[in-house]
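One chain, chain A, appears in both complexes that follow, with chain B as partner in the first and chain C in the second.
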Partner chain A sequence: MSAHKKIDWFPYMLLVPASLITLIIVAWPLAETIRLSFTDASMSPETQYVGFENYQKMFSRRFPEVIARTFYWMMLSVTFKIVVGIIGAVLLNAAVPGRTLARLLIMPPWIVPIAVGVFIWGWMYNGQFGMISGLGQRLGLLAGPFEFLAYRNSAFMSTIITDVWIGTPLVTIYLLAAMQGVPRDLYEAAWTDGASRMYRFRRITLPLIMPSIATMSLLSAIWTFNSFDIIWILTEGGPRNATTTMIIDTYKTAISRFRYGEGSARAVMIVIFLALFSGFYFLMIQKLSKRGDIK
Partner chain B sequence: MIDRYSWWEYVLIYVGLALFLIFALAPFFEAFLVSLRPLDGLFSIPYRFFTDDMSFDAYISMWKSVPLLWRYMLNSFGVAVAVTLFGLMAIVPAAYAFARFEFKGRDALLGVFLAVNMVSGAVLIIPLYKVMQGLGLLNTYFAMIAPGTAFVIPTGIWLLRSYLMKIPRELEEAALVDGAGRVYTLVRVILPVAMPGIMVVAIATFIAAYAQQFLYALTFNSVNELNTLPVGLFQFFGRQNVVWNEMMAASLVGILPVMIVYVFLQKYIVAGLTAGAVKE
Partner chain C sequence: MKKYTVTLGAALMATTAGVSAANAEDMHMIMCGDDTTPGIAVQADLISEWEAANPNYDVVVEFVPWGQCQEKSMTLAAAGNPAALAYLGSRTLKQLAQNDLIVPVNLTEEEAATYAAPILGTVTWNDQQWGLPRAFSSKALWYNRGLFEEAGLDPETPPTTWEELLTAAKAITENTEAAGYGLAAASFDNTMHQFMTVIYSNGGEVINSDGEIVFNSENNVQALQFVADIVEYAEPGPVAYDRGKLETLFAEQQIGMLIDGHWLTGRVAEDVNMDVVPFPAGPMGASSSLLITDSLAIFNGSGMEDAALSLAKMLTNPANQMSFDIAEGYTPIRTGPEVDALIAGDATWSPFIDVIPAGGPEPFVTDYVAMQDILNEAIQGVVLGEVDAAEAVEYAAEELESVK
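The block that comes next holds the complex of A and B.
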C-alpha cells in the first residue's frame, strides 16, 4: 500500500448536512454554555470572568439535594417504564385475538404532543374535578378531595406517573420488536423438551432481548434526565422544590431568574453527569458481553 | 400448539392488556368527558362519568374562543413535516456513510453524533436563543424547525445505519461495475431498497417532531399566528377563568391530525422496527 493513499472525500461529503446543523445548533451552543459558566453573565450588559465561582456557589446551595432528587426521579421513572414495558411487550406478543388492536391503542400517549397530554394530566390530578380524586373518593380510598400536585410526595409521584405514561409505549413497542426477533425454533425446541412458558421466558426470551433492554434503559434514562415539559407544565418544580430536577433548576436559574452564568454552570453539570453515566453504562455492557451474558 | 393457552392464561393476558389500555387511554376518556360537560356541571359529588347535561356545545364555541386553532394545527403539522424532510436530508447520507464506508475518524464521528442525544434543547436554551437571534430567525418558523431537526438527527442516523448495513453490498458493487456514479448508486439503487427503513425513520422523526413543539415555540416565538398547537393551547390555558370544556375539546380536535397519520402508518412502526432496526 502506498504511503500517499488518496483520501476518499465522498463519505465526508455525505456527512456535511448533518455536521453543519449539529455544529450550529448543538456544538457551538454547548461551547458557549461552557464559556458562560465561568462568567457572571446576566441581564446587565457587563460580563466578567469569575473562574469557578458559579460552581462553588452552586454546591454550597443545596445543589446536592437537587442531584439526588434528579437521580431518584429518573431511576423510579425508568424502572417503571422498563418493567411495565417488558410486561406489556409479553402481553402484546401473546397470540390472542385482538392483539393488533391492543398494539394500536397503547400508542396514543407517545403520539400526541407531550404538552397536550400533560395538560390533560393536570386536570386528572385536580382534587375537585379530576377523575383520580373522584374515583378515589367513590371507592373509599380517599376521605375527601385530594390535590395531587399540592403536596410534596404526591406531586413527586404524579410527575413520575405522567412521565411513565408518555415514555412506556415506545419502550413497549421496541421490546416487542426485539421479542419478535427471537428465532421461533428456539421456543419450539424448548417446548418439545417440555419447558414451561415461564421457563422459556426466563431462559430464552429474557437473555436474547437483554441487549435491547440495556439499550432502551440507557436511552430512556437520558430522555428522562432531560425531561422538561412534563414537570414544568404540571408543577414548575414545586411544591417547595419537591419536583425540581436538575433541568428544571437550570431553567429556573437561567430563564426565570436571568442568571445566565449560574444557569450555564448547572447545564454543564447535566452534560457531565450524562456523559459519565453513559460511559459507565457502555463499559458495563461491554463487560457483560465479554462474559457472554449478552450476545 | 405452542401458542395454545389454558383458560387462566387467557384471563391473565386479557386482564393485563385491559389494565395497560386503561392506563394509556384514561386521560383521553377524561378529556372527552370534560369536553362534553357545561362549565357549571364540572363538579359533581359523588364523581360520575356521565351526567344528563352533556352536550357537544364546546366543540362549536371553541372556534370562537380559540380563533386561531386552525392555524395552530396547521403550524404544528407544517413544522413537523419540515423537521422530517430536513432531518431526512441530513440523516440519509450520513447513515449511508456510516453504514458503508471505511474512513478515518468514522467511529469517533459516529460517537459524537450519538452524544448529541445526551444534550437537549432545554440545556442549551440560552446560547440557542443567541444563535436564533444572530441568524435573524426569532419569530419565524425556522426558529422551531432548526433546533427540532438537529435533535432528531442522532436517533435517525442510528436507526437507519443498522438498516442499511443489512442491505447486501453486491447491489452497489454491481451498479458501480456497470459504471454508475456513486451519487447515482445511492439515489437510484440504495434508496429504493432502503425505503422501508427510511419510512420507519421518517415516521419516528415526524412523531418526535410533533411531540417536542413546546420549548422552542415558547422561547423563540412571540407571534401568536406562528404558534404551534401546544403553545397556542398553553397560552389559552394559562389565562384566567379557563374554559375547561373548550380547552379539552380543542386539545382533542388538535391532536386529531397526528392520530390519523398514526393510524394509517402504524404498521410501518411495528413492522419496520421488527424487520430492520432492532434485530441483530
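The block that comes next holds the complex of A and C.
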C-alpha cells in the first residue's frame, strides 16, 4: 500500500488569478511605497537612498502633533457616530408607524456622493449665506454672521460633524440589524416581569449588541482615520493646520509639494497604524468567535 | 483608360496623404481650464496654421480643470512621461528648471525687448527665461462708490495711503451695513497673492534677485501689521474667505473695497457703482501690485522640444498674443496701440496697466506650495490674533529658508 498522497492542485490554481491581482494592486504599490520612504524621491529624476532620514525629519518637525490630532479627531468622530448610531437604531427598531419610511430616509447622507454632501455643508457653515449662522442669529444665539470654518476650534468641530453626518447611517443600519437579531422572547419575559424600557435596553439590548458595537467601532475607526475628502474640501487642513490629519499631511507633502520620499514615509506610518487597528480587529473577531458571539 | 489612370492617381494621392497624416507625430499640449473661452478659438486657429506649416506634427490639446492642471503637468514630467508643452503658473518654473524637467526658451534680444522688464522677471531665473508668458494679471483696489457715499466719504478721493484706506474701511463698517474691506485669509493661493500686493506697496520682498530670503524686514512687519489692523473692518471670519468668495460679497455690496484683477468687472452686476484705483502706498513704499504670469513651458524629454518651442513662440509672438489677450479679456502682456485703444474704451484698465513698471513678480522659489503655506500661516496667525506681526514675520522668514 502506497503512502504517497496525491496533491490536488486544482483549488490552488483557482486562487492564482485573485492572488496575482492582489499582488499587483496591493502588494507591489505597498512595497514601492516602503522603498520610496527610504529615498529622497522628488521631482528630480535622480533618486538616492537616504536611510531613515525621512523618518527622522518627520518626527523632528510637527508630525507628532499631527498624529495626536488625527487620533483626537478620529476618537471624537467615532464616538459621536456610535452614540448617534445607537440612538438612531433604537428609534428605527421601535414599533412605530412610518418605521420603513424612516429607515429609508436615514440613508441619503451615505448615498449622496461625498463631495456633493460636503460642498452643501461648506455652504451651511458660511457666515454670510449659511443656514446655520442664519438660524443662530434668528434664535439670538449669535450676535452676527459666524464663519464656522474660519476659527481653529469651530473648523475642527465642523469637519467632525460633517464626518459624523456621512458616517452615521451605516452605523445605524448595522446596529439596527444587530438589534433585530436579539430574541424577542427575552423582551417578552422581561416585560412580563415588569421591566421598564430603559431597563430592558440596558440589560438585554446593550449586552447582546455589544460585539456588534465593538466591531463597528473598530471598522469605523479605520475608515475615519483615512478620511480625506471631507477635510480637504472643507478646510484643506486649515486654519493654521487645525484640521491637518495624517492623511492630509501626507497628501500635501507627497502630491502638492512633490516630496515623494517624505510623503511615502508618512504613508508608511499610516499603514502601520491601520495594520495595528486591523490586527486588533481580527483578534477581537477571533475572541468573539470562540465565545460564540459570532458564528 | 484615362478614367482608370485618374482614379488610380487619386487613390495613390489619397493613400500618400493618409500615410503622411499617419506619420505625423502627436504633440501633447496641456492647457488649464476648458475649451469654451473666446481666446481658445483664436488659439485653435493658430495651432491649425502651425500644423499646416509643420505637417510632421499633430498638436493634441488636452484641457485639464484648473485645480489639477499644474499638478498633472508636473507629475507627468517627474514620472518621465512629459507633455511637449504645458500652460503653467510661472512660479513653478524655477522648481521645474532646477530639476531639469523643462528647457530654457532662449529668447533673442529682440524677442525679450517686446516684454516689460517686470513681466520678463516672472519667467527669468539664472539669467535665462524658462517660459513664454501666456496670461498676465496685475491687481488694483476696487471700491464701491455707493457705499463710500453712504459712509460719508467722497468717492472722488479714494484712499492713496494705508492710513486713508483704514480710515475709509472704518467709516464704511461703522456707517453702513457692509464691511469696509474684503480680506482673503483662506488656505489658498490668492490669500498670498493679495498679501504680496500689500508687501510690494510697502517696498517689501520675499526673496531678492540673488535668491536670498529677505522676508524678515520692517517693510513686511508693517505689511502684516496692516493686515492685522484691517481685520476689524473686514468681513467676519476672513480665514474662511478666498478671492472667489470675496468677489461674491463685493457683487452683493457687502464689502466696500477689494484687491482684485480687472476680471471683476465681468463678475459684478452693472448697477453696482464701482471704481478702481492703484492699491494705496504703505508708509515705506509706493503704490504697487503683484504681477502674475502663466506661461507656456517646454518639457525636457518629449523628443520634440524644438518643435514645441517653435509652436509656443508662434502662439506668443506680439500679434498673436495680443489677439489672445483681447479675446480672453486678459491684461495685455505687451504694450501697443491695442492697449491704448483698450484704455481709451474703458478707463478701468488704466490702474492695471500703469502699475506694471512698479510691480513685482510672484517669488521664485524651489517649493512654491510650501512658500504659500508659510505665508498663509503667517497671515492666518495675525488675523486670528494668535501671533503678532513681528513674530509671524520672523518665524515665516526662518521657514522660508528651507524652500528658497
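Assume the second predicted complex is superposed on the first by the 258 of 295 C-alpha atoms of A that agree within 3 Å, B and C clash if a C-alpha of one lies under 4 Å from a C-alpha of the other, contacts with A are read in each partner's own complex, and residues count from 1 in each chain.
As a convention for this text, a residue touches a chain if its C-beta (ideal position, glycine included) is under 8 Å from a C-beta of that chain, and two chains touch if they have at least 3 such contacts.
What you see is a predicted model; the values in this text were computed from it and never measured.
With both structures placed on the common chain, the touch criterion links A:I255 to chain B and to chain C. With both structures placed on the common chain, the touch criterion links A:S60 to neither chain B nor chain C.
Using the contact criterion defined above for the overlaid structures, shared-chain residue A:W28 touches chain B, although it does not reach chain C.
In the superposition on chain A, A:R152 makes contact with chain C only, while chain B stays out of contact range. Of the two partner chains, chain B is the only one that A:M131 touches; chain C does not reach it. Set against each other, chain B and chain C touch different numbers of residues in chain A, with B touching more.
Once the two complexes are laid over each other on the shared chain, residue contacts for A:G117 go to chain B alone; chain C is not touched. Shared contact residues on chain A (touching chain B in one structure, chain C in the other): 128, 255.
Remark: chain B residues 1-3, 5, 9-10, 13-14, 16-17, 20-21, 23-28, 30-31, 33-34, 42-43, 45-47, 76, 86, 89-91, 93-94, 96-97, 100-101, 103-104, 106, 109, 112-113, 115-120, 122-128, 130-131, 146-147, 149-151, 153, 157, 182, 207, 210-215, 219, 228-231, 233-234, 237, 244, 247-248, 251, 254-255, 258-259, 262-263, 266, 269-270, 273-274, 277-280 touch chain A in the complex.
For chain C in complex with chain A, the residues that touch the partner chain are 71, 74-75, 77-78, 80, 95-96, 99-101, 185-188, 235-241, 245, 249, 254, 367, 369-370, 373, 376-377, 380-381, 384, 386.
For chain A in complex with chain C, the residues that touch the partner chain are 42-45, 125-128, 144-152, 235-241, 252, 255-258.
The residues of chain A lying in touch with chain B in their complex are 7-8, 10-15, 17-18, 21-22, 24-26, 28-30, 32-33, 36, 84, 87-88, 91-92, 94-96, 98-99, 102-117, 119-121, 123-124, 128-131, 133-135, 137-138, 165, 168-169, 173-174, 176-178, 180-181, 187-188, 191, 197, 211-212, 219, 222, 226, 228-229, 233, 247, 250-251, 254-255, 260, 263-264, 267, 270-271, 274-275, 278, 295.
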